[in-house]
Structures are given as C-alpha cells and as structure tokens.
C-alpha cells in the first residue's frame, strides 16, 4: 500500500518532479476556479451577474484573463531594483506550490506525508512574506513599500495566534493517541478525527475561530486586506507589477487562501472523513465551503485600520490563543 | 493652509517623507491631489493641491448671454446638478423679478430633494467604499439608480440636468412620476433600515468612523465649512431654514444636528437628512397644485439693469451661493460661484494632521467633496 | 462587564451583516432577482423625455420639417455645435434650411435650441447608441429630408397657390357680398322712400322676433314664480 503518491514511482527524484508538476497543474486549475468563484459569489451577493459571456456561466472567463495576462508585455519601471523586482514574484509563488503538496486529500493520497507537515506548511507560508517584502522594496514606490511593511508586520504578528491555535490541536491529538501518534502529521490528524468520530472543531471551537481569523489576516483577505487596501495604497506591494508577474502574485494569493482552508479542513473539520462520498470529494467540499465563507466575509465587511488590526492581534487574539493552549495542555495532562 | 512644504528642506524633514496621494488614485474623489508629509503612517502635514479639473466655468459665463450658462451649472457639481441648475434659474428670477407658477415651484422642490437624496446615497456608498466595504456601495447605487430613472422620465437626463428655465421648468410631471416617487420613498425606508444594520451598526464601521476626523464648530466657522459637516458639529445652519428660498418655508422639516463632529456624526446627519428630504417630498407631492409649469416661452435675450444679485441655496454639500453681476448688457459681467466643497476642503490640513493614512481617505471622503465644484 | 458586552454586540453586528449579504445572495441565486440590465442583450426603452441628439420634426401635413434657417438655435447654443443656413426658395413664402449640421460630440443636451426654435420644429431624438469615432460627430439633420425636398417645394408651392387662390376667392366673395348688401340696402332705402309702399314682410325676421318675445315672456314668468316661492318660504315677521 503506497503511503504517498511519490512512492508510486521507483525513483524518488522522478516522483518529486511528477508530484510538483501535478500540484502546479492542479493548483492552476484550482486558482482559475477560485477566481471565477470569487467573482461570481461577489456578484451574487451584490445583486449582479458576474462574468456571463465566456463559456457556460462565464466559467472560461478566468482562462481568457489568464491568457491575456500571459500574453502581456512585461513592463519593468525605470527606477526599480531589478534583481529584487524580478525575483519577488517567484519567491511568492514557489512556497505556495511547496506547501500545497503536503496535504492528505484522501485516506492514503498525499504527495508527501511528512511528520512535520504542519510546521512545514507554516514555514512555507512565512517564506512568502520575504517575497512580498522584496516586491515592495524593489518596486521603489512608496505605496508598494507601505504595503510591504504592513504585510510583513501583519503576517508576522498573525502567525503567532495562527500557530498557537493549531498547536492546541496538536497537543490534543498527541494526548489522545498512542506513543506513535504525531500531531504534526496532517494525515494522522485527519485519521484521528475519522477514528474518533467527531470533528475537532467541536472540542476546540475557540482555536478554530482564532485560526480562522488569523488565517484571514495571513492571506491578506478582507477585512484584513490592509497590505493591498485599494482605497488607501492603490494595490499595495504589487502596485508596480503587471502581466504575468502580477498573475503570479494573484496566483499565490488565491492558492494561499486555499491552503489555509485546507489546513482548517484537516485540523478542525475531519479532513477527508465523511459518509458515502469518496474521501477526496469530502475534503474538497469542506475546503470550498471554508473558502466560500472567506469570500462571503470579504464582501460584507469594511476594512480595519492598521493600528486596530495590530492591537486586535496582540491584545485579543494572542492572549486568547495562549489561554486556549494552556487550558488544552492542562486538560491533556489531566486526561 | 499650512506653510508651503518644501521638498529640498531635508534637515527639517528628519525621518518623514512625502507621499503624493492623487490626482490618480483609486479612492480620491475626482482629481484631488494630497501632498502628505508622513512619519511612518502618521500624517505630519497635508496640503491639498487643487485645479486639475479647472474648466473656467466662471469665465465661460462672462462670454455668453445669460441663458447660455444654464447647462454649465449642473456640471459644476455633477452629483447634485439639479440643485445647482435651479439655483441659477432662481437667481435670474430674483434679478429679473420673474413670477414662477406654483406647480413649477413644487416640482422644483421635489426634484431638488430627490437629487439631494441621490447625492447623499452616493456619499454613503463611496464613504463605505473608502473604508473598504464594497457591497453596500452596490446596494446603494441600486437605490440611486431608481432616482435616476425617475428623473430621466421627467428631465430627460440622468446626471447633468438642464431642467430649469427662467420662470418655470421644461417639462411637466405626470401621475406616474408621483406614483414612482412615493413608491421609491416607501422602498427607501426599508432599505435604510437594512443599511443601518449592515453598515451603521457594524463594529468595524464604528471603529473606523467614531472619533475620526473631528471638525469642531469653531473650526467650521473659521474655514466656512457648511452643509452636513457643519451640522454634524452642532450648528443648525441650513439655508432652507435660515433664509428660505422658493417655497421651502411652506414645508415642515427638521434640520438634523449632532455635536460630535466626527465621521460617524457626518454619516448620521446625512442619513437623517435623507429622511427629512423624503418628508419634504411627501408633503410636496400631497400639495402639488395643477396649472402650467412654463406659462410662456423663456426669454432668450434680456438685458438686466446693472446691479448685483446674490442667491444662496442649500446644496447636498452645503451653502451654495451664486453672485451675479450685471452691467446692463446681454452677457453677465461676472458670475461668482460660492461652492461649499471648496471651503470644506480648506479645513482639511488642520483636521488631517496627526491621523493615519487610512483615516485620510475616510476623512476626505466624509466631507463629501466634488472636485469639479472646487476647481470649477 | 461593559467590555464583554461590547464584544458581544460587536460580534452580533458582524453576524447581522453576514445575514444581510447572504439574503441578497439568495435573492440573486434562488429567486433570480437581478438588478443588472444586460445591455447589449437587453435594449433599454428610452423615456419620452429622454434627451439625445436633436432632430427635425417631420410634420404630417407637409411630410417635412418646418425649419426656416433663422439661426435662433445656432445663436443660443452654449456649445456652439449647431450650424444652420437657410435660403429663399422660389415660389414659397418662408425660407428653407439648406444646411443643418450639429456636432453631437460637443452637444451638452441642454435643450435651449428647442426652446428657441420659432417654428417648433426641433425635438430630441431617442437614439442612445450614439458614439463617435472622431472628436467630431456630425449629424446632418437634413439628411432624411433632402430626398423629399423637391417634392415638398412643389407641394408647398401648390399648397400656397391653392391657399392664395382660396384667399383671393374669399376676398372676391366678401367683396361681392358687400356689394350685394350695399345694393340691397340701397334698394330698401329706395323702397322706404317710395310713398304708399307696403313694408316688406320678412317671414324669417318675424319668426325670430316672435321667438325672442316668447323667450322673454318665459323668463319673466320664471322669475315671478321664483319670487313667489321665495316669499312663501320666508315667513313674514308680522304674522308670528
């Protein structure tokens, strides 16, 4: 029984290549669909129609947009820091692909089943910030710089409650399982929920809420879309980017959104477990449901101010998540 | 205005830097350019740079005969064009002592107040958009669209009306107009309750607006700030009440005032003004008399006796004055427009100092400026 | 305590907001109530007041416009976008427009020209898909009329001739009637002057006089009846 897709092929290097190609293809299709979904849902919320012209329900609209972005001339503004400016989109894009390859889509289907899966996901998430700051700094534009600074401050701050809230789940998994159980292993967390027969959102509601809020901030989604607040900073860190370079930022942003939704699915909503339908289907259904909520929230609320955002993180979320972690630890110890 | 900010004064600048906000910026209303001196995200100094939409309306007036200025008026402030258009008509009527039929007077009030509602709806929409909420924007434009349709049926235009004529209005209204208008007002009541829940009570909205951009009554008086911004600071000044023009003295309405003077108060004042305007429209529809709206063809050419006329109306943005000077010829000697947005913007450097970049957008948005009106 | 309450009020406000947006989401998706008008697929109907480029009215009686090229519209236009020329046409009284061009790219749709027109032959068209590919988007308002112009002139000439003939005939008749009346009067005077002559008995005049008399009598009777009724209704003070 192959544990991961990579193990299907004899040569590990070839397996990794195939895996990466597969993840990139899957992610691209997924992003195209997500962008369509976002446009359609936002349109429906706002009593509009959304894209209707290209393909059925306008589903091919994003493909047309992508073709347009690919075929556009790459414009490099005159005063940019060229190495940073050129490499930044790649730096944002690559960690996303790497992180996406770590998830258990079904009981035994994942590209890499690592014991430190959870840590790696957040590590890759943190790497993306470097790319964002490179973009903001390299663009030599004040709006981009402001956006990048905001992005760095925000992402670093919100990573703390994000990880603390997931840590309480890890603690719980370790306490509930046997000696071989590893709460950092995403596949094991999902299987644990399947075996126990309940979702962890029921026992860890506070962690789930904190995770969700922090994830919104981590992916720069409204109401925390401060790094690219279009009414203040034009487009934030990617103000000076166009064409395919912009598309890479866009791609990373939507994939990031999908990745945090996948983490939430695995940690709090039972991953692939569910009746009747195949596991992968359940996995994606849950993930898309979470993505839908994120879209719904984005098109409902106004944006917080930067200082409010930071004080919300440091004064509310972090103490709350630490408290939650402590309580979980005590209970885990006691049980 | 603050003293001129000099770019080369590096020593005095310290850690601070300049940010040019506008004239091309997604959330600058029109083509305002704000020269901001920032320390981090905090604003040390702000200097509005205006003139990008200057179209020489006042000079244009001096080169044409009196009626030819009519289409210009609604383009001065394209969001409440009707009020401006009728203000010019009423100024000329005051100058020439022209009698206006009762029915035309009532129609003028109805369309002006409809225009005020549409302008305030648009303000709420753009203000929420400025602080990041996109969806209320489209709901409010949906409502505004109905007003535009109603106005389209009677005036023939949707935005830049040229409906008034000296001594009346161009077209009479029909029963359908009255029905549509009252149906819209009924619908608006429910919608405003919804916006109250969706926007006004939203905790993020309150956080972003409460205590932000306070303009106190003294500052208002110093800079000549009028309109909802002034009423939000606690001064109950409304031209419709202070020096009633047209037939406004016949209607029962209130001048809503609040004392806080912040963005939230400005929001509340506008919402209540929408209610008051609805009240006025209902009364006007009830009392609408019969008769002609334009008894005779408007005068094409006339030579007013030399002299000055000043006529003020309450536009959606504040005290709008028209100062006409005639030298006894067919063309005006001078037409001076006292536009409210200009004075309202003048108070900005004082208010913006010490706020953050995100608040700048909210505050500049909250005073409801229309750039073509400032630049003229 | 108050802070905790504020937190819950805040959270509640967020949930209320979400409920409102999802309600609208449902209205669009399930009830299919859309607000957007899908423009190229659905064509809007313009209201009767809608203002687009001006055009000349085609009157039913003449099957043509009534523009006399007086330049009133050209003079009042604030955008200076109208240019009109008129010329005398042989055989008809009024001048006719020979050139009427309007630059829609400059027009501000104020309608002053329509107010100014002395023959009321201008109105707004209802075109709404007017776009220009240059900075000048000229409309030749006489374009639709040029083909009929010769016909119109001929017809108008005939009409005016007929009118003139009618007028002449009317004048003739009036003259004849006046002459006849004069002659009759003279004859009457002559007859009256003739001694012992019977007065001319005019049965029609007699009938009219009779009717008039009857009418006056009826009116007087009615008035008397009314007065009597009034007297009966009001009791006399002496009797009480």
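All chains are identified by letter, namely A, B and C, in their written order; residue positions are counted from 1 within each chain.
One rule holds in what follows: a residue touches a chain if its C-beta (ideal position, glycine included) is under 8 Å from a C-beta of that chain, and two chains touch if they have at least 3 such contacts.
Because the structure is predicted, anything quoted here is derived from the model rather than measured.
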Which chain lies the greatest distance away from chain A when centres are computed from Cα atoms alone? C
One chain's C-alpha mean falls closest to the whole-protein C-alpha mean, and that chain is B
Distance between the centres, which are taken as Cα means, of chain C and chain A, whole angstrom: 69
Averaged-CA centre spacing for the pair chain B and chain A, given as whole angstrom: 44
From the C-alpha centre of chain B to that of chain C, how far is it in Å? 36
Which chain C residues touch at least two other chains? 14, 17, 20-21, 24, 35
Expected list for chain B, residues touching two or more other chains, is 135, 139, 142, 198, 202, 204
Residue numbers of chain A (touch at least two other chains): 45-48, 299-301
Quick check on the complex: what are the chain A residues that touch chain C? 41, 43-49, 52, 296-297, 299-301
Which residues of chain B touch chain C in their complex? 64-65, 67-72, 75, 135, 139, 142, 145, 152-157, 160, 162, 165, 170-171, 194, 197-198, 201-204, 297-298, 300
Contact footprint of chain A on chain B as seen in their complex: 17, 19, 25-27, 41, 128-135, 138-139, 142, 198-199, 202, 204-205, 207-208, 356-361
Touching residues of chain C toward chain A in the complex: what are they? 14, 17-18, 20-22, 24-25, 27-29, 33-36, 38
Show which residues of chain C lie in contact with chain B when the two form their complex. 9-11, 13-14, 16-17, 20-21, 24, 35, 47-51, 72, 76-79, 108-112, 115-116, 124
